[in-house]
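Before any comments, here is the structure.
Which chain is which? They are A, B, C and D, in the order written, and residues in each are numbered from 1.
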Amino acid sequence: MTDTFLIGMLVLAAGLFAVGLFGVLARRAVLFQLLSLEVMLSGPSLAFIAAGARHGDPAGQGMFVLVLILAAAEVALGLALYLRMARTANVTDSDSIRDLRH
Amino acid sequence: MTLGAIILLPFFGGLVALFANLIWPRTDRWVALVSLVLGMLALIFVTAEGVLTGGSAAGIEGEAGRWLALHRSDWAPSLGVQILLAMDGFSGVLLFLSLGLGILTVILSWNETEKSALLMAALCWTVATSNGVFLAFDLLVFAFFWELMMVPAFLMIAIWGHGTREATAIKFLIFNTIAGLGLLAAVFYLGSTGENGVTFDAFVIAGRDISPYVQTWLLAGFALAFMVKLPVPPFHAWLPDAHTQAPTVGSILLAGLLLKTGAYGLFRFPAMLFPDGFAVLAPYGLILGSFGTIYGALVACGQTDAKRLVAYTSVAHMSVVLMGICGGVHFSMMGAGIVMVAHAFSASALFLLIGAIYDRVGTRDIRELGGLQRNAPRFAATFALFFSATLAMPGTANFLGEALVITGMFQVNWVYASITLISLVISVVYATRLFQRVVFGASRKAEVKQDLTWRELGPILVLGAGTLFFGLLPQGLMVALDPAVNAAVDGIRAVQK
Amino acid sequence: MTPADLAALAPLIVLGLAIVVSMLLAPRADAVLVRFVAALGPFAAMGIAVMRLGAPSLPVPALLVDDGFARLGVALVAATGLACLIFLRPAQPAREGPPLMVLATLGGAVLAMAQHAATVFLGLEIITLSLLAMTVLPRSNASLEAAYKLLILGAIGAAALLLGFALAYAQTGDLSLGAWSGSGSGMLVRLGAALLLAGIAFKFSLVPFHMWTPDLFSGAPPAVAAFAGVASKVAVAVVLIRLAATPMPEPVWSTGLAAIGMASILLGNIQALRQPSLVRMLGYSAVAHSGYVAVILASGAPLGAEAALFYLASYAPGLIAAFCVAAGIGGTPMLDDLRGLIWRSPIAGAALALALLSLAGLPASVGFLGKFYLFTALIEAQAWALLAVAAVGSALGLYFYMVFMVTLFRRDDTPRPIPQFQTADTILLLAASGMIAALGVNPNPLVNLVRLALP
Amino acid sequence: MTLSPALILLLVPSFALAAFMVLGLYPYTLRRRQVHIIALLGGGLPLLLMAPLTALCAAGHCLGVVPIFTLTVGQSVVALALSLDPLGATIGLTVSAIGAAVLVYSITYMAATSLADLRRFFALMNLFLAAMLTMVLAGDSIVFFLGWELMGLCSYFLIAYNTTSAESITAGRKAFIMTRVADAYLLAALLLLFLHANSVRLDVLIPASATLDATMTTVIAALLLGGAMGKSAQVPFHTWLPSAMAGPTPVSALLHSATMVAAGAFLLMRFAPLMQLAPMVQVAAAVLGVATAAYGAMSALFQQDVKRLLAYSSISQIGFMMLSLGVGAPEAAAAHFVMHAIFKSLLFLAAGDITHGCVEGTDLSSMRGAWTRKPVSYVAFVAGGASLAGLPMVTAGWWSKEAILTAVQGFGAIGQVLWLGAVLTALLTGAYASRAIMIGLMPMRETDMPNAGNVHRHEAPRTGTIWTNLPLMLLATGAIVAGVLVTPIMHFLGAEEPHASAFSVYVAAAAPLLGVGLALALVFVPWLSEGLRNVRAISRKARKMPRRGEGGANSRFVRLALWLNWGMRFDGLYQVMFVRPFVKGVRWLNGYGKAPADPVGTWPVLALVWLQQKITAPLAPDWFDKLWMRGGAGVVRLWALARTVQTGRVRDYGFAMAGGIAGLLLLVWGTP
């Protein structure tokens, strides 16, 4: 694996991160925001794998697994929250939950 | 840490007294009394220990045997502040005075009903803060207590005072705060200019070699604070008002304690920290003091308010203290120390008596008073005692002190001695004015019908016994004061050579 | 595993045990018992950490380190966890609360000992996720909202942190925190450092990553807020100190930290200025306090580590006491609810007054010495701009703390409910007040404790 | 502890002090009889103790110094002590004897007073006695000054004994202030001596004065003289004494004639060795002494009040003592002290008894008819008057005065002048003494009859009680026969027997007789007696000096007599010179003038206020305040703005974070 390839992969990872971030900022629907989070987290995952491959170090893959687990846990909690919100307050639009402000 | 207890016991006593009534009604005074008595016991313990073990010389070089007790612990090391408390005989005497007067005032205000808890707290805190002033040898801590001391006094005047009490309290505060700035500035300068980092340790600073010019300015800063507190004309304008408007216990603590802190500061620090500056400024101090003693006496001669009259006599007597200190010889400084103690007794007692009269007839105007002789013999007899003390009758501690100051003045300059003698003569004029207007004759408007109660008489007799005891058998007092006087005189003499 | 390793890991082990046992007990056993069992964990962890405070430091293979910072961090985190456990509400319907609080403590402990990207990440996430779970315990709309915000923003923060690590890893091939040194000038490392700072700043609630803080403080149970305000910050501060010790790519790190620190001080204090809600005010002021710690660390003062840890330790009892009172009052107490509190409930009122005094940094409270450390460190580093901002911030802070303080003493005639405190709460309040006052008079025990932790 | 003489010496003043304390302490309720007993014990025991001590001393076993305790002031050692030497013994015995006599007399005299006042009276009298004995027996300067000042204090309280009378209160204050001036001299002298000798013990201090340099000796001697003159009411410090007669008669008898007033002379006797080292001061003392003697005698001659007459006579007689001291004959002065104490107290007591309860008070007219009203007292008065006049050979006064005159004559050239003045004074003395005696022979006027119906009038029996008569008779005997003691006393004190030339003795013996003639002339020469009546009328009513030429042919005489009656108007002079400026100054300082009250304290405040106003007036709109308020409002607006940042929308929060990340990345990008 060459450095150029690594840079490419890193750019891709950054792109994924940026896209995910944009998704969180652009979409109002809770579900889509959660999905965007997943995309955003996949960026660092990719970067770890690529970097691990570049250095021939398994730690990168280890980090990938950790990130994956986190993403799963996060989404699980997020979905639970989503269900709760949808059920009790009938909310799917994240912009509408803004009781706590100022 | 017993030294700390002398400060902390009254302080926490006051704090507890403040809230004691919430838990159990009318316990505030007991709390205050017990805390002050415990403080007194701690002081007795420390003194006894110091006297029996020959004193603690730890940490202070070349002064073995002078300090009865010493406590040193870090407070904020990175700031250079430590808790450095030291007690020699001089501090010890003033501490006894402070706690004694504290106990006395608590007893006197036993039946106070208005905001009694706060009053008890203020009494305790006055004692605690002035104890701090008498003990602290870390200059920052000293300045801290010095500033803090004004708060309870301010409260006492502002809450339980008479007449224009708020304005008076503010006047008191303004005078002393502005004067305190001089002290603070000098302390900060001293603290921050050491070679080995920031330190406020007075003993370390005393060992420093500061140029005489700088010393003079620093001493001016210190002296400003002390002389306003003393007070010496022309810085005395707050005192008559404060005394007049303050409640009786406030006046007693003001005259007995707060003025003494100024004298204490003048006595202790100039000779210790700034001997060169002292040599420069002492002549001016003598001039100011000799002016003040005559001036205070003359103004006292024309007063109509009894408390105001006594307040001006305080000005005169404290000016004598200033002269004694600035004289810088053994006799005069010893005399100044004794006048301090004596004045605490006699002025407190006079304020107490006048306060008792005021409680009965609601006026302190000597033109309206009179006839104590006929109606209230106990009043008249005790009044006569402190009347003689005020005019420095031999046999009272006041005479002893003034005579020693005059002796010292003869060694310094005849002129000052003559001026002190003249003030002795004028003292008869104002003392007789007060005495015969109040005690003799018959009152046209304000007839005192009820004689002193035992609760009033007790403290007065204690004060009277003190006045006579130290006037007739002053050896103990002199032995207690001697090391401090010697240290000061040696410091001054070292410069003169 | 050597006995030394075992000793080093003991706090984590006891915390883990406490979590497992209390989790198992939770469904059946008495709520008080669960809480008690859970509390044993932090208590034991704190004890172990404090006892080993002076011991020589040693690296635990690969991921963790056992040095003075770690032990002090663990001790503070565990102590905070224990305190927050005491007033964690609601306790009855949600038995999972105590184990979750211990879990959060475990996260903090891991973070304090972290030496590797994986442990830093793991610690951060354990804290975030357990806080999330605790936040929704009341199941109110507010708590849901706060949790949702924390979730989304936390994920962004985590992603930024991870990307930062990944970029640095790409250049150096090393995931330990030491990796940042040596190749400081590489562009990837520097970009990574910026992202890492963003991720950490989120957890440290520095502007502009702070916005979840006031919302969480007002939406979550007070105990959770207190934990988020104290324990997680202590843990993150330890990481920050470690990172500062590994020379981070300069001037990115210092400049960035100083910039967001100053922004936090100013914005936090300004936003708190006339905030009528006690907990939101505390939220904004927590942002400002984070800013103070950040500028200490950014100034690069030799005293920095000591000052930062002392500042956080000094600020802890005040915040905990304030939240404990808020928990006793219930809901989100507003300025009006606090009117004359000191007359209605003297202990709570006095404790809150003392806490505010300490948070404002006035003399005779431990907070004063924290501020004193702050200014000394900044003067020592000759960071005059930071000093000026800190001074302005403190002055602003004085105002809003005093508004609340004065309100406590105001008398009013409207009948208001008397706050309910359990015995444990009262003891906690007294202990916190005692600490504020006693350490304010004599800070030496705390100073010595902090100094023990320094290398 | 055995009853050693040293202990007895310490006990001498103690009993009187104890009596004071018992009487003065309030809580005891005592009955009149008990008060009397305590007072008499306090007054009598010192005499009983002094008598054997004096005998011991006379036998050549004087005790010398008896230390009480020792103080250490730095390097100086202050030893407090009493001592017994011939001088102390002589004067001490005299004082205690007179004290006892006066206290005994007071029992009847003060019978009409209330119990509380009686207690106060006896308490203070006993305190005075204690103080005086302490001073006389003092072995060091501190105890000496203690006694000295306490006497002054007692004098104040006793003159102002009648606390409802403005006159007596004023008189007391006047006496106190004036003697205090003298006390300041004395204190200065004592302290200077202490500094020189480094000891307060008189037996060290007085010999040590020999080593003083000349200037210092003169200064100290002058200060001592000043102190003595103030206490002894010598010109120009004398004006307090006539006023002090406002006190009760026993007080006048004990304090203001016999003992306390003469304490100044005693002071100079004590310090005679020092005085003899300062010849200039001695001459001054002698000249002032004779001047005072003459002044007192002239003024006494024209007094209308028997007590004032006696007061001026005291001034005059102590002037003799001063003269004697000035010519270096302290022993003669001491002898005269003793004789004067006897006859002067006798005169006061007798006059007091005669005039007691009269309408005119102590006016000379109250003496009328004394021979018929109070024969015993009158006889005593005559004895005392004769002794005062110094009728040759038969009276005690003659012997002591003769001793003084002899000493004066031996004082060289200036002594002759002084002697002449002294003899002339003796002539005047004879005149005023016999004038008072003669008035006692005149019949009573109807208006002066004691009115038995008046409750305020105290009607004593014609013969008086034993309490009155016993002291009178004893003192009268003393006034006649004590002359035989003059030579022994002088021997006792260590002086040679006086030898006077026969001529001077004759002249001196003739002087009092001529004085009697002068008195007769004043009574029987119509021109003079008319003038005296005029004087009397004016001094009692108008209190204004008639203009020159007014009042007939004898106007010159009237004016002279009035002038002397008013003590040469020293009081007025002092009013103008001291009192008025002082009062004006004090009033000015207290805001009655143009200055504010307490100017020195107020001016700085006013100046600061003025300065502050000058500075603040242009700033009255308070730009800073507006700035601050605007700043404050700005901050609040900033807060309102800042809080809108917290929108509550999670997307906005995320946006802020994204911005933060971007900013940090840009920072990386922008820095090298």
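Just so it is clear, contacts are C-beta pairs under 8 Å (C-beta built on N, C-alpha and C of every residue); 3 or more make two chains touch, one makes a residue touch a chain.
What you are looking at is a predicted structure, and each value in this text was computed from that prediction instead of being measured.
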item	value
Central chain (distance from its CA mean to the mean of all protein CA atoms)	B
Chain pair with the higher count of C-beta pairs in contact (C-D, B-C)	C-D
Approximate Å spacing (C-alpha centroids) for the pair subunit B, subunit C	50
For subunit C paired with subunit D, centre-to-centre distance based on mean C-alpha positions, whole Å	84
Distance between the centres, which are taken as Cα means, of subunit B and subunit A, whole angstrom	75
Cα-centroid distance, subunit B relative to subunit D, in whole angstrom	34
Multi-partner residues of subunit C (at least 2 other chains)	148-149, 152, 156, 160, 214-215
Residue numbers of subunit A (touch at least two other chains)	21, 24, 33, 94, 97-101
Set of all touching chain pairs, with the criterion as stated earlier	A-C, A-D, B-C, B-D, C-D
Residue numbers on subunit D that touch subunit C, as the complex places them	635-636, 638-639, 642-643, 645-646, 648, 650, 652-654, 656-661, 664-665, 667-668, 671
Contacting residues of subunit C [partner subunit A, same complex]	117-118, 121-122, 125, 129, 132-133, 136, 139, 141-142, 144-149, 151-152, 154-156, 158-160, 162-163, 165-167, 169-170, 173, 175, 188, 214-215, 218-219
Residues on subunit D engaged by subunit A in the complex (per definition of touch)	643-644, 646-651, 654-655, 658
Footprint of subunit B on subunit D - complex, ascending	24, 26, 69, 71-76, 116, 142, 145-146, 148-150, 153, 156-157, 160, 163-164, 166, 169, 172-173, 176-177, 180-181, 183-184, 187-188, 191-192, 194-195, 582, 585-587, 589-590, 592, 598, 600-605
Touching residues on subunit B, where the partner in the complex is subunit D	233-237, 240, 295, 298-299, 301-303, 312, 330-331, 334, 373-374, 377-378, 381, 384, 388, 391, 393-395, 399, 403-404, 406-407, 410-411, 417-418, 421-422, 424-425, 428-429, 432, 436, 439-442, 473-475, 478-479, 482, 485-486
